[in-house]
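Next up: the structures, one after another.
Two complexes are shown next, each including chain A; its partner changes from chain B in the first to chain C in the second.
Up next is the complex of A and B:
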């Protein structure tokens, strides 16, 4: 470890400092009379911290480097760190009006969001099973607190408990999978395990082949839990519904992306020799995930639950990219499709939840039928939610279309016809429930006496950013494609 | 190759759409009524720009040179070789003209009949124009797909918001959307498959329609070319719509507001047929030839089935909707016959003739069915119902209306001297030489068409005695007042209908200008296909 290594850790260090600063400032101003105005500044302190952390990524750009034996500063990690920082920044903007009047402990909320960003940064960069586990646990535990943050709301508590119980089980199972890998190879370093696999005798029944399938399944429980893949998804609907809406936005995007990042790193680096096995498994999981997510979403009447099942289905689409991975492909490597999809999905889904937050903040309503006549109550909110929904449905010219284009493309390239045909049918099913919300917003008249919905300024900022990027990524995706294609470089990947 | 004319034609409507959203009332301190009038007139004025430019295309296109002109080809997403490639040839120019022309008429008519949510209506209508024009000018598959989908969204809203509650507009809107989407997602997969099959290890593949037509992806691979062919074909057949994919059409057409039905029948159905001519025929000639008889059969079934179902309808609008299934069947028959002729040199002329007829039928159907839907709108705005059993004897009360309706209806049934005659003649003349039996069965459709038009529409609506007890309340469309008797066509309706009627008569007497356009394109195409086929067979 030397000083240059420290520059690669700048984002993490800045996030740590910023989180501490927000905690301390909150504490400092808490009891002071008349400090309420000052405490309103805390989210902006957090945003500045995130901005500085983003700048801290600059030294890590462009190379594949090992940092302090357990971390990678490779383009892949940088991509996900940037994604997390941007995502959390937008989430903070939506949280400012949401938390007002719901909890007096708002400072902690932003500090926890910074801490959770730090956890994501550690998890996506970790190249050692121990650090991966610690990063994921750090992420999970912080998330449990955030989900249950509204202490006086029973649903929030229920959501946190369910999330915790499922999460604890999933990570125990994942740890068991890790212990298998460690026991067989004697190392926890991803590169080391990969080397042990490579040097072991090949062939059925020989060497380490027995280890492959159980390790894959056990690890998938932990990663799939975060990514909300079926059958590790059961926590998602209840947790999404009960959690504070900004936290739901976080869980469905940044947290999900972290699950995918770790999954890709471990499977690609460590289990490269067993690609055939995990590809087959992921194809099956992908089919089940999107089909189950979409079919269940059809029946939902609560918008947060609807988006929860939609986000499960989206995880299924994203997984296509991993299942169709082909690193020697020129532009459709599968993995770059995953990155493009996740990035576009980040803005789309956070944007959709920002609209939900706006409606919920103004009216307290989260049922789909409460969106009746939204176009007359707030044309902007209705129009923007429409953009986000067609992006989720994968209709151009939106970022969601580009994401689908790339993952479907990778599957077509690999001739995974059945998988991609099922995905195509699924996207038609999905259009039905997305458009059902549109139907309420535009076709059904509002209830008598429904008032216009006002939107607070920070939320307007979040909506502007997400909507502009959702459309921009559909109209001019060139830079993102280049960045994502470059970012599939992983440390220790052969 | 950077001619910005097509870009302007495509995106001026978008600009207009954005302009309708601006708060003009607040800026110019107008009250709501005056603001709406400004939006309506502004939208009509904006739509004149693409219309004028489309006429410019028509006269500016060099028929002698042929091929794609006014081309623009610049990288859009360079990483995967997606280009912003636009261009027009003899096939697309008349359709672009049709699109811009019907849009202007639709806006003009709607400005006087749409009373609710005016701003949204004109926003969506202009957006729709952009989507449709975009499809006709795109020469890149991804660009084509994007416009294809973009055009879907505004029509969904037009049906859902301005449909009559008794026509189940919400159901019809989502049905329309899901049907089209179901077809187009598989088209997307086929587009991707073309890309990968044309690429090699070193060079990326292509999404370019012209390039793909040159390379002929999957040539020689029966399985993959079949899959890709059907993926495209189903997407287009849903849009055409061909039996058995037509069930969205009667619902959507019936529920849509008048101008929406006009565009739906006049232009959106043409997108499917255009896709078959622009993409399937040049890119998959081999597969198309193999499955041509199925396409011919679907066309003939659509002709006969559509006509029979039309005859059974009592709702005037639904009747005309089903007649579209029948009329678009002629297009499939012509295209299918031409595809069957690929590779047979002696059929080059016959197949070009069938294609001319098919393309002309697209144009004529756009004009005549567009007019028919306007005419249904005319009576609906007055009587607020479309039940043929309640009609009768209108020729006495509305002679002017009867005259316009009669010309349009006769065009639709293919009376010589009116435009519809030529397209049917060419389709059957071409198809008869190639697929004799199917053409003979298809001719039945002409008889059935005459039956439902003369018996159902003309007789039930116009002939007989006018019974004042059947419909007690009539609305005066200019003032909105209640009356006891129907009033003949108002000036704004004449302005809407006369241009269409004029085209029916003009192209009925003198079809050469438009036929030359199509012929120059298709003779070249069929000769090319015949030649390339021989080359392959020889190698």
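Up next is the complex of A and C:
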């Protein structure tokens, strides 16, 4: 640890300071009479903090560096840190109108969102099992509070309870896997574990190296919980439905991406010697995840639940990309598809939830049938939701299409024909329930006396950013592809 | 010295009891206690591995201390949640907390 290390820790330090600042300002202004106007500035303070944190990423660009022995400032981590910062910024914009009138403790909400961004930054950069555990747990515990934030809302509490009970169990299982890895290799450093497995003698007298196999399965429980993979997904529908909608947007994108980032780093780098074992496992999990997610989504009537099951299915598609990666030397061919998918999915899904937030803020309705005739009540919202839904279904010219193209392409190159066929069938099933919402919006008449829906300014900003980027990533994906490819090729420890 | 295997069997047994508790208990506090047992099994594992196989350093012990600390934080948040829910519904029985389904 020396002073130059601190420049690579700038995003984390800035986020810590910003979160503390928002907490303290909220405390200071809460007691003062007449400071209500000032408290309305808190989300913008949080946004400035996120902007500064994004600038703090600049020193970490390019090159792979070990920071303070337990963190890596490599392009892979920078990619996910940027993803988290952008995602949380859009989530804050959607939260501004949503929280108005729902809870008086709005300042804490933004401070917690900054803290959760800090947790993501630590988890995606960690190169030591101890720090991975701490980062994931920091993320989980803060998320439990965010999910249960609306204390007087029955559903919010229930959502938080379910998330907490599943999350605590999953993290304990993951931890057991970590303890086995530590036992098999005698170290918690990812590079050290990789070296120990690569040089471990095979067959009889191989010592404790056989512990690697159970460790893979146990670790998958923890990472799969965050990424909402079947069979660790049961919390997702209830939590997504009950949580405040901006938090749902966060959980289904940034939190999920973190699960994938940690999974990729641990499986690709540390357990590379056992790739044949975990590839088969991931393929099986991927098939079950997308099939179950899509089939259950078909019979959902609540839009948040529908998007929850759709997000489980999307996790299955993303996992195809992870399973289809092959390694040659220090480069990971095919992995860039996963990053492209996650980035496009971020804007698409946050955008979809932003539309849901807009409708929910104005009418309080979250059922699919409440979207009947949305095109007459608010043509803009209907049009934007249409864009997000076709992007989720993977129809060009949207970012979602590019993501699917690269992920399925990697699977084709690996000759995983069965997997590709099942994914294609699933995409068709998914298109059915996405377009069903479109049918309600455009072709079903609105109820009598339905009023036009007004959208608050911050939410308009969020919708604009997500819609423009969803389309832009589909029309001009060049820069993203270059960036994602650069980010995975340097995914190595030292 | 007690052999490593004994510790591992003890930890595995404790972990299984914890998993059973987490899955079978109906009271949310009981589920949380099951999770705590699982975490304690991990701690036994970590310290036993540290004593018997670690190359160098105090990593195993340190990891165990971190686990204990984080478990305390997790329990604090969890119990706060349980209290909030108990105030609303007068129960923390997980089978009765099921307004959302499907």
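For this structure, a couple of remarks:
Everything below uses one rule, namely that the second predicted complex is superposed on the first by the 475 of 494 C-alpha atoms of A that agree within 3 Å, B and C clash if a C-alpha of one lies under 4 Å from a C-alpha of the other, contacts with A are read in each partner's own complex, and residues count from 1 in each chain.
Assume a residue touches a chain if its C-beta (ideal position, glycine included) is under 8 Å from a C-beta of that chain, and two chains touch if they have at least 3 such contacts.
Here the structure is a predicted model, which means the values were calculated and not measured.
Superposition of the two complexes onto chain A shows chain B and chain C fitting side by side, with no clash. In the superposed model, A:408 makes contact with chain B only, not with chain C. Once the two structures are superposed, chain B and chain C can be ranked by residues of chain A touched, with C on top. Residue contacts after overlaying the shared chain place A:134 against chain C, while chain B stays out of touching range.
With both structures placed on the common chain, the touch criterion links A:10 to neither chain B nor chain C. In the superposition on chain A, A:420 contacts chain B only, with no contact to chain C.
In the overlay built on the shared chain, the residue A:165 is in contact with chain C alone; chain B does not reach it. Look at A:485: by the touch rule set out above, it reaches chain B but stays clear of chain C. When the two complexes are overlaid on their common chain A, residue A:428 makes contact with chain B while staying clear of chain C. With the two structures brought together on chain A, the opening angle seen from the C-alpha centre of chain A toward chain B and chain C is 140°, to the nearest 10.
Closest CA pair between chain B and chain C after superposition: 25 Å apart. When the two complexes are laid over each other on chain A, chain A has no residue in contact with both chain B and chain C. Interface residues of chain A, counted against chain B in their complex, comprise 330-332, 375, 390, 395-397, 401, 405, 408-409, 412-413, 417, 420-421, 424-425, 427-428, 431-432, 435-436, 439, 442-443, 477-478, 481-482, 485. Every residue of chain A that touches chain C in the complex is listed here, in rising order: 129-130, 133-134, 137, 140-141, 144-145, 148, 151-152, 154-155, 157-162, 164-165, 168-169, 171-173, 175-176, 178-180, 182-183, 186-188, 208, 237-238, 241-242, 299-300, 302, 305.
Within the complex formed with chain A, the chain B residues making contact are 77-80, 120, 142, 145-146, 149-150, 152-153, 156-157, 160-161, 169-170, 173-174, 177-178, 181-182, 185-186, 188-189, 192-193, 195-196, 199, 201, 204, 227. For chain C in complex with chain A, the touching residues are 8, 15, 18-19, 22, 28, 31-32, 34-35, 38-39, 41-42, 45-46, 48-49, 53-55, 59-60, 62-63, 66-67, 70, 73-74, 77-78, 81-82, 84-85, 88-89, 94, 97-100, 102.
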